[in-house]
Amino acid sequence: MKFGILISEGPYTHQAADSALRFTKAAIKAGHEIDRVFFYHDGVNVGTRLSIPPQDERNLQQEWSALAKDHGVDLVICIAAAQRRGLLDENEAKRQGKDANNIADGFRISGLGQLIEMGILSDRLMTFGD
Amino acid sequence: MSETVKKFLYVNRKAPYGTIYALESLEVVLIGAAFDQDVSLAFLDDGVFQLTKGQDTKEIGVKNFSPTYRALGDYEVTKLYVEKESLAERGLSADDLQELVWEDEDDDYAEKPSIRIIDRTEMAKLMANQDVVLSF
Amino acid sequence: MSTLHTVNKSPFETSTLKSCLEHVSDGDTILLIEDGVYGAMAGSSMADLVTAKTKAVSIIALAPDMQARGIDEDRLIKGINTTDYAGFVDLAAKNDLSHAWL
Amino acid sequence: MSTLHTVNKSPFETSTLKSCLEHVSDGDTILLIEDGVYGAMAGSSMADLVTAKTKAVSIIALAPDMQARGIDEDRLIKGINTTDYAGFVDLAAKNDLSHAWL
Amino acid sequence: MSETVKKFLYVNRKAPYGTIYALESLEVVLIGAAFDQDVSLAFLDDGVFQLTKGQDTKEIGVKNFSPTYRALGDYEVTKLYVEKESLAERGLSADDLQELVWEDEDDDYAEKPSIRIIDRTEMAKLMANQDVVLSF
Amino acid sequence: MKFGILISEGPYTHQAADSALRFTKAAIKAGHEIDRVFFYHDGVNVGTRLSIPPQDERNLQQEWSALAKDHGVDLVICIAAAQRRGLLDENEAKRQGKDANNIADGFRISGLGQLIEMGILSDRLMTFGD
């Protein structure tokens, strides 16, 4: 079965990004396909490579990036939500005249259409938010 | 993809301005309108506050996005279900809501109301009868 | 000693206003801000609970947040007044302590 | 057609669980996750409301979230079962639709 | 600055793990302990869940910070007020909470309980009688 | 009178950062002193210079930076909360081996002790959060 995952809250502040990660891992383990993970609202902040959680805590960005690498999970950050919150890739930074970018490996920035498409193409859409 | 038509329900349970969810939900609805799916919007609990008349955000410095609901008809988003019990619990009636309309091209472009007041039992049925529920 | 309590949540969504009402002392002030202003509306399922406290404490709604949400003054519970940000600052200065109910 | 409803809020802090209970259809499943698991506890002020729904719908609490919060299985309302993340995935696959109450 | 001693009250009304507020509030308490102020902690509403026994977060991958409350005594944070009504509404009693103690050096280092169960009226009085209230 | 301001939520997602800004401006206008503004929890995200809000919306970071410049308001971002959420200044980025930083003009990163100190030294501490 094809799952689409929507994550609406940032890492650490709300458990939503953790719950989504555990659900995704369990779904992959059960042989399901993860069509796409879409990061919206503060969820875009999961994709920053500049976070440094305490050493005895989990690193959510790295865990998601590993899922992208190991299982080809498509991690899409909403461009409109990302701009409001200061999450940029190299192209966006250039286009907007910003001197730095902060997106992590395995994440890509795209439009809200990718969320709707995920809703159309996946068998089940799961939302994790607040 | 044009062959797949799914029933999408956008569930709105949060008040506007205190948090960004109402605005960013509306942005999804506007983008989603281009995909030619069967779209409905549900307004219940504090979500009914999104549709009230007379919102004026000048003094709080936040953008007033309530006029955007009036544009939904042009995007062929014409089914806005508002829960009666949620209005009543908040001391509101249908008169407190903006008048939202759409033009029915199959009926000589007659203006028809987009807001449909339904009760809780009907809301539960609406929710049960969907392919995708998006809540923010 | 008196306290300015601020409540920024809708009383229909969270129990914050209810908890604040149960913990204020006579003579305190409750300022409803952001989504908290919905707690000031007459005729709602919360109105009796709020009205019952308007004698012991001063309940005030922030007008800019009311206007943003389309709430006219004539919709407010009797006994609830309004103020603006300048008044908010005065209330914070006038009371000995501020307590934000989050 | 059946729906998996997820609730991740404490029923003492927000009205989310109450609203979910009022909008489920018979035969649906409610999965309590994160702070939502507090809604599964027996003996609380919310327990009667939840218990009343255990006949018409299946109410399940996510065990990892219960353990994190120190809630033993024997504290649960009778009729509420538990599951783990693998069971969560199964529930999502088995039901036709998922509805997250946020 | 050593001359100023203010009464600081940390108000805890949120459950642990679902959000980070309980953990980050505790981090402020630990840092604040170095400032030699008159510190009290209030636990009411869902905040009482922070102190329950037997928390085990292994399966959710989040750090279990509940043992840290047991260290508060060593930081001379010895006044943890827990509201009785909040416990009762949640089906909890004092027995469900961790045992937290501090050593009273003025009383031959006798171990004394840090948790004080008070009722809502006493909680209101405690809140009224502070110089600074920090809520998260 | 000396006010200390605590901001606990990020920009745009919650109104808290807006309310704090309006309160601060009104307090300055009334002749009060703003001792310090402390950004905690997701509030640290107010201080990123990489955000690009829509052109017809307010830019909270710029408004705060302007207050720092025009009125000397001390804008302090909690280092522990900032590390979790990926908000870094040049020094922190170097120290942590990160290749970019994202802090905006007028903000500085420091410890939680600055919050306690603000509580001690200000006449009133105002909290804006969620």
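To keep things simple, chains are lettered A, B, C, D, E and F as they appear, and every chain counts its residues starting from 1.
The rule is short, and it goes like this: a contact is a pair of C-beta atoms (placed from the backbone, for glycine too) under 8 Å apart; a residue touches a chain by one contact, two chains touch by 3 or more.
Predicted model, so just to flag it, every value in this text is computed and none were measured.
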| item | value |
| --- | --- |
| Partner chains shared by subunit A and subunit C (touch criterion as defined above) | B, D, E, F |
| Chain located farthest away, centre of subunit B as origin (C-alpha) | E |
| Most distant chain from subunit C by Cα centroid | A |
| Whole-Å gap between the CA centroids of subunit B and subunit F | 35 |
| Cα-centroid distance, subunit A relative to subunit D, in whole angstrom | 26 |
| Rounded Å distance between subunit C and subunit D, as computed from the means of their C-alpha atoms | 33 |
| Computed distance of Cα centres, subunit C from subunit B, in Å | 29 |
| Sites on subunit F at which at least two other chains make contact | 8, 12-13, 15, 19, 22, 41, 54, 80, 125, 127, 129-130 |
| Junction residues of subunit B, two or more chains touched | 17-21, 45, 60, 62, 132-133, 135-136 |
| Multi-chain contact residues (two or more partners), subunit D | 8, 12-13, 15, 34-35, 64, 84, 97-98, 100, 102 |
| Listing of all chain pairs that touch each other, if any do | A-B, A-D, A-E, A-F, B-C, B-D, B-F, C-D, C-E, C-F, D-E, E-F |
| In the complex, subunit A residues that touch subunit F | 10-13, 41-42, 45, 48-54, 80, 83-88, 93, 96, 98, 100-102 |
| Subunit C residues touching subunit F - in the complex, by the definition given at the top | 6, 8, 33-35, 64, 84-86, 88-90, 92-93, 97-98, 100, 102 |
| Complex contact set, residues of subunit D against subunit B | 1, 3, 15-16, 19, 22-25, 28, 97-102 |
| Residue ranges of subunit B in contact with subunit D within the complex | 11, 13, 21, 44-45, 120, 123-125, 127-133, 135-136 |
| For the subunit E and subunit F complex, residues of the former touching the latter | 1, 4, 6, 8, 20-21, 24, 27-28, 31-32, 34-35, 37, 132-136 |
